[in-house]
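Comments concern the structure below.
Chains: A, B, C and D, in written order; residue numbering restarts at 1 for each.
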Amino acid sequence: MPELLVVKNLKKYFPVRKKLLKAVDNVSFSIEQGETLGLVGESGSGKSTLGRCVLRLIEPDSGEIIFDGVDLRKLKGEELRQRRRFMQIIFQDPLASLNPMMTIGQNIEDPLVIHNIGTKEERRRAVEELLEIVGLGRDLIDAFPHEFSGGQQQRVGIARALALNPKFIVADEPVSSLDVSIQAQIVSLLYELKIRFKISYLFISHDLAVVRYLSDKVAVMYLGAIVEYAPKEELYENPLHPYTRALLASVPKMPKDGERQKRFLALKGEVPSPIDLPPGCRFQSRCEYVMDVCRKQEPAFREVSPGHFVACHLV
Amino acid sequence: MAELLRVNNLKTYFDRYDGVVKAVDGISYKLDYGETLAIVGESGSGKTVSVLSLLRLIKRNGRVVDGEAIFEGKDLLKLSKEEIRQIRGKDISIVFQDPMTSLNPIMRVGMQIMEPILWHRVMSDKEARDRAVELLRLVGIPEYKTRVWDYPFQFSGGMRQRVMIAIALACNPKLVIADEPTTALDVTVRAQILNLLSDMKEEFKTSVILITHDITLAMNFADTIMVMYAGKIAEYSPVERFIRNPLHPYSQGLISSTLDIKAKEGSLRPIPGNPPSLVSPPSGCRFHPRCVYAQDICREQEPEYKEVEDGHYVACHLVKGGKFNA
Amino acid sequence: MEVALKQRRRGTSYWAAAWRRFKKNKMAVAGLIYIIIIIIISIFTPWIAPYPYDEPHYAHTFEKPSARFWWGTDDLGRDMFSRNLYAMRNALLIGFGSQIVVLIIGVIIGSIAGFRGGRIDTILMRITDIMYAFPTFLFNVILVTVMGRGLFTILVAVGLTGWAGMARLVRGMVMYLKNAEFVEAARALGAKEGYIIRKYILPNMLGPIIVSLAFGIPNGIWIESGLALIGMGVRPPMPSWGNMIGAGVAYIMAFPHMVIFPVLTFALTLLAFTYVGDGLRDALNPRSEV
Amino acid sequence: MGLVRYILRRLFTIFVSIVVVIIITYILMWLAPGEFFNIAQFQASGGRVATLTPEQLQVLIKGFEEKYGLNVPLWKQILNYLKDAFRFKFGPSFSNPNEPIEVQIARRFPVTFTLAILSMALAVIVGIPLGVIAALKRNTWVDYITMFFSMAGSIIPAYTIGVIMVLIFSVWLRVLPTSGWETPKQMIMPVICVALGPMAVIARFMRSSLLDVLNQDYIRTAYAKGGTDRAVIMRHALRNSLIPIVTIIGPQLAFLFTGTVWIENLFRVPGLGQLFVNAASMRDYPLLVTSTFILSLSVMLMNLLVDVIYAFLDPRIKYE
């Protein structure tokens, strides 16, 4: 399959009180047409910044973002604006992502207005169709976002993102603020859309289960860098990086066959401040296998088996 | 095991601009000494209110309208203000969800740990100080001897939650209520806090009520599980039995809605629809608008909350003789 | 939820919902009615007032309220009722007028600071901070000294010294809105900056700006009266509440009516505006309902 | 350590701000229509113009300009003024050529200072408990009445309230004198009038601050630990809600200083306010500039003091 998005050596540093916060530190990955990349990380991993950098909603410091054969970083003003039709974003907080002064219909119609697509009636019909696609009634078209529940708001956000028939959507923790039953609804909706419209997602989440369900490949981020990157089954069945292993082990599993777990394998400590990291491996402070070399030299991000990349001295 | 707490027909309502919110509408359950009960539900299910009502810690616009809560022979709901105060933090203590906001930002953590000890006159000021240091050690705070006089903002999220646990344990309570204690934390820190809760439960031999939205966690962690929906108990069961045989369609829905780390692609079967309004809840069974098995009787008549097997209670018309018949 | 939504299918727009909330606040509604009445009176003052504001009746000085002089007369025998009407009119002119000046300066400075950020923001905000911390009344006195004591110049002076709060408010909102998720969403959709400002940022700033203006109007009236009290307000014989009260105080022991009426209408007007401001603040904040 | 540097930086900012303020003031006055040398003023200060020939008048104006340093370019006037001003030397005023302004201020300052301090103390001592009571009794008639008066107090100018008080206590009840500043009885009304505005603002702010704190999770934690109402309110709610109060006291001081101008005028209190009113109405520029200088300096220093106190009260600030 052709590669839809190739990101190479992307960097974004923020100055924080004369120090550097390396939010995205030399990140590379690629996504094929119709394929979904899951991006897993805890708070402070830089996963949301990365998602926004890819869309140039945050301007990266350096690197390449080749979307459909064109380097987005070289595009200016109008060219970039036109490109935006093909790449969209869904946000974590569905209410905050909708314009409170516009009706549901106007919010969904807005991308069409911005790109001057169709007549008023055509747009109205398109909006009604989109409402149906995301599972909302047409009769809700004139309601306002604050009158909706979180799940419905997120459906509106998805409808708006779909309006321009994008090839690629950045989904930034789209279900983490929702209730379990609603989470499941939205995840299955996203899954259905992926199959139906062949959309590629960059699916950002801290929830390993959700990521597994939707992704084809998974990247694990820790403090601004991808530490492990592999096809889904490979990553979940054969995790190599100690951080990935710990992440997988710390999640309670459904005790279907009656064996319950009262203690969980826990990583020591917490995510350290991403400002002014010490030299060497960024995971050194929490790694149980830490060695001298880990404190001196940053491990290279290398391919250990076909398609399976990892940055660890132990592998 | 002996019974520590028995709640009968508890009802807690809130007054709001658009009407009366029946947050908890007639629930009954019991808890034994040393038992861990997990209350599972989504937001608005009444899981937190049902427990805060016991200690009368609900917001000003809320009121307990009916029911009794017998804790060691005393009805908590009928105690005087002073009597209930003497139980709070001493016999029953709480670990809240958000450790960032649940600690007083301008008071040293040591003092915050000492307060329940001093307020309940368990020991002298001097002893309370030593106790605070000891508790910090127990909950696994490094350099606890100096950290005891730090302020909350000098601790990370996970460390603050440890402090909250230390506060809860300060007076050797008989019951610890943990209200979504890990929800606000990072994935890897959640496991630490859960382990700590397990250890402390062993160490202090307390009963625990774990309030959570995570049914997977509940099924792993608890002895008994209680699933709430729209202010009522849908199902209440010993966990082993529940794992084998979840009976209520909502329990089943929650399980099939929950993405397990091993879930297969396309296997998700979400519950349709949205949670109901608690101001004007649906007629009959409150779950019927979202229930794929709903029948006429479900729309018309409220199902009875009854024991279907030994210790296994369900409120569903379709459950008969310990079996779910759709 | 489903049911509730269907009943409200036509949707309650932000403004409709705000009006519904505003109506619930009885004091605010009373204040609004009072303000509408005095605005109408002020428009037609020359036709309503029984006497010109500067017409003396030397035979009737210091008269108590009577059928001929409803609110009595002052030291020159001028009709207090007529003078009060004109004072009210002047106060409204200054109140509203000064807020127009505040709006223009505040929005321009605030949005430049907010949108541009960086050094321009720092400089503009430093100036704003000085204006904010400084007892602006002194500046008013100096400005009026420089520009003269006309109605228009006073109005401009009050505006020139009162924009700091508005600038801060606008800047804060711009800073918040330009990074708000729904604005980010619009940017991701490919909206042009002009479109974003017109459709996303401005409509969402309107509420707080209106509230700020509502509180600014009584403040403007207040400052004018303060200027008038120390002889820096509108030039006599043109009446203002400040100079009427100032003049009345001199005779307070013997002829309290000269001060009672201006004081009461003045206080009532300020309270009315403030209640409306309070009502607007609650009404324009959708979260206040919960 | 950080604190000292912070204070020094703030002092520098204050210095710059004041220089800017003085420059603006000077430019404004320079733009003002009419000569600095105002015949009416000269006469008012005891001169006799009518008897002078034009030449003699020229000499007189020259002498006047020399005396007040007006015979140099504007930028130099400003520089000269600033150099002296930061050593608290302001030269003579137009209206009182024989007495340097610092002497006039020194005589009147204690009066205004006493008035301001007494008023602020009253405002804080009454305002805070009022706010606390209103918050604890929220949505009862106690709350409504307190908040009605508080709203009225913060929006109706002190002067107007002063007039109403004179009407009630001097005209009708005849229990308090209308003017003067010698006996405590004379001080009652001025102090109350000046205090009412800030008191109302403090009460309102205290109420909302306390309500805000009472809604915080850590208050619920304190109750859950078994705290009595008293313990929770005293140890947790009050302490935390008082911290933001400190921040509004700074701006209120500026407000209060301005308020004294009219109140001193109304009650014939011989403070800085009267001096200022005279300066304004007589176009006494040196005095006007100096009032600006003194007022902005004191307000900015007060604000600094308030911020430092704030840093001491809130441990979160110190460590940042």
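Here, a residue touches a chain if its C-beta (ideal position, glycine included) is under 8 Å from a C-beta of that chain, and two chains touch if they have at least 3 such contacts.
Given the structure is predicted, the values throughout are model-derived calculations rather than measurements.
Participant: Pick the chain whose C-alpha centre of mass, unweighted, sits closest to the average of all protein C-alpha coordinates shown.
Facilitator: C
Participant: If you tally contacting C-beta pairs, which comes out ahead, C-D or B-D? Let me know.
Facilitator: Per the contact counts, C-D leads.
Participant: Approximately how many whole Å separate the CA-defined centres of chain A and chain D?
Facilitator: 55
Participant: Counting in whole Å, what is the centre-to-centre distance of chain B and chain C, each centre being its mean C-alpha position?
Facilitator: Comparing mean C-alpha positions, chain C is 52 Å from chain B.
Participant: In whole angstrom, what separates the CA-based centres of chain C and chain D?
Facilitator: For chain C versus chain D, the centre distance works out to 23 Å.
Participant: Residues touching two or more other chains, restricted to chain A: which are they?
Facilitator: Within chain A, the residues that touch at least two other chains are 149.
Participant: Two or more other chains in contact with one residue: find those residues in chain B.
Facilitator: 274-275 - these are the residues of chain B that touch more than one other chain.
Participant: Tell me, which residues of chain C touch at least two other chains?
Facilitator: 1
Participant: Which residues of chain B touch chain D in the complex?
Facilitator: Against chain D, the touching part of chain B is residues 55, 57, 82, 85-90, 93-94, 96, 98, 101-107, 115-116, 119-120, 151, 153-154, 164, 167, 170.
Participant: With touch defined as at the start, can you tell me which chain A residues reach chain C in the complex?
Facilitator: Against chain C, chain A makes touches at 52, 55, 57, 81-85, 87-89, 91, 93, 96-103, 110-111, 114-115, 139-140, 142-144, 146-149, 157, 160, 164.
Participant: Give the list of chain C residues in touch with chain D in this complex.
Facilitator: 126, 130, 132-135, 137-138, 141-143, 145-146, 148, 218, 222, 225-226, 229-232, 245, 248-249, 252-253, 256, 259-260, 263, 266-267, 270-271, 274-275, 278
Participant: Which residues of chain B touch chain A once you look at their complex with the stated criterion?
Facilitator: 42-43, 156-159, 186-192, 194-195, 198, 213-217, 219-221, 239-240, 243-244, 253-263, 265-266, 268-272, 274-275
Participant: Considering only the defined contacts, which chain A positions touch chain B in the complex?
Facilitator: 42-43, 149, 151-152, 179-185, 187-188, 191, 206-210, 212-213, 236, 246-256, 258, 260-268, 270-271, 286
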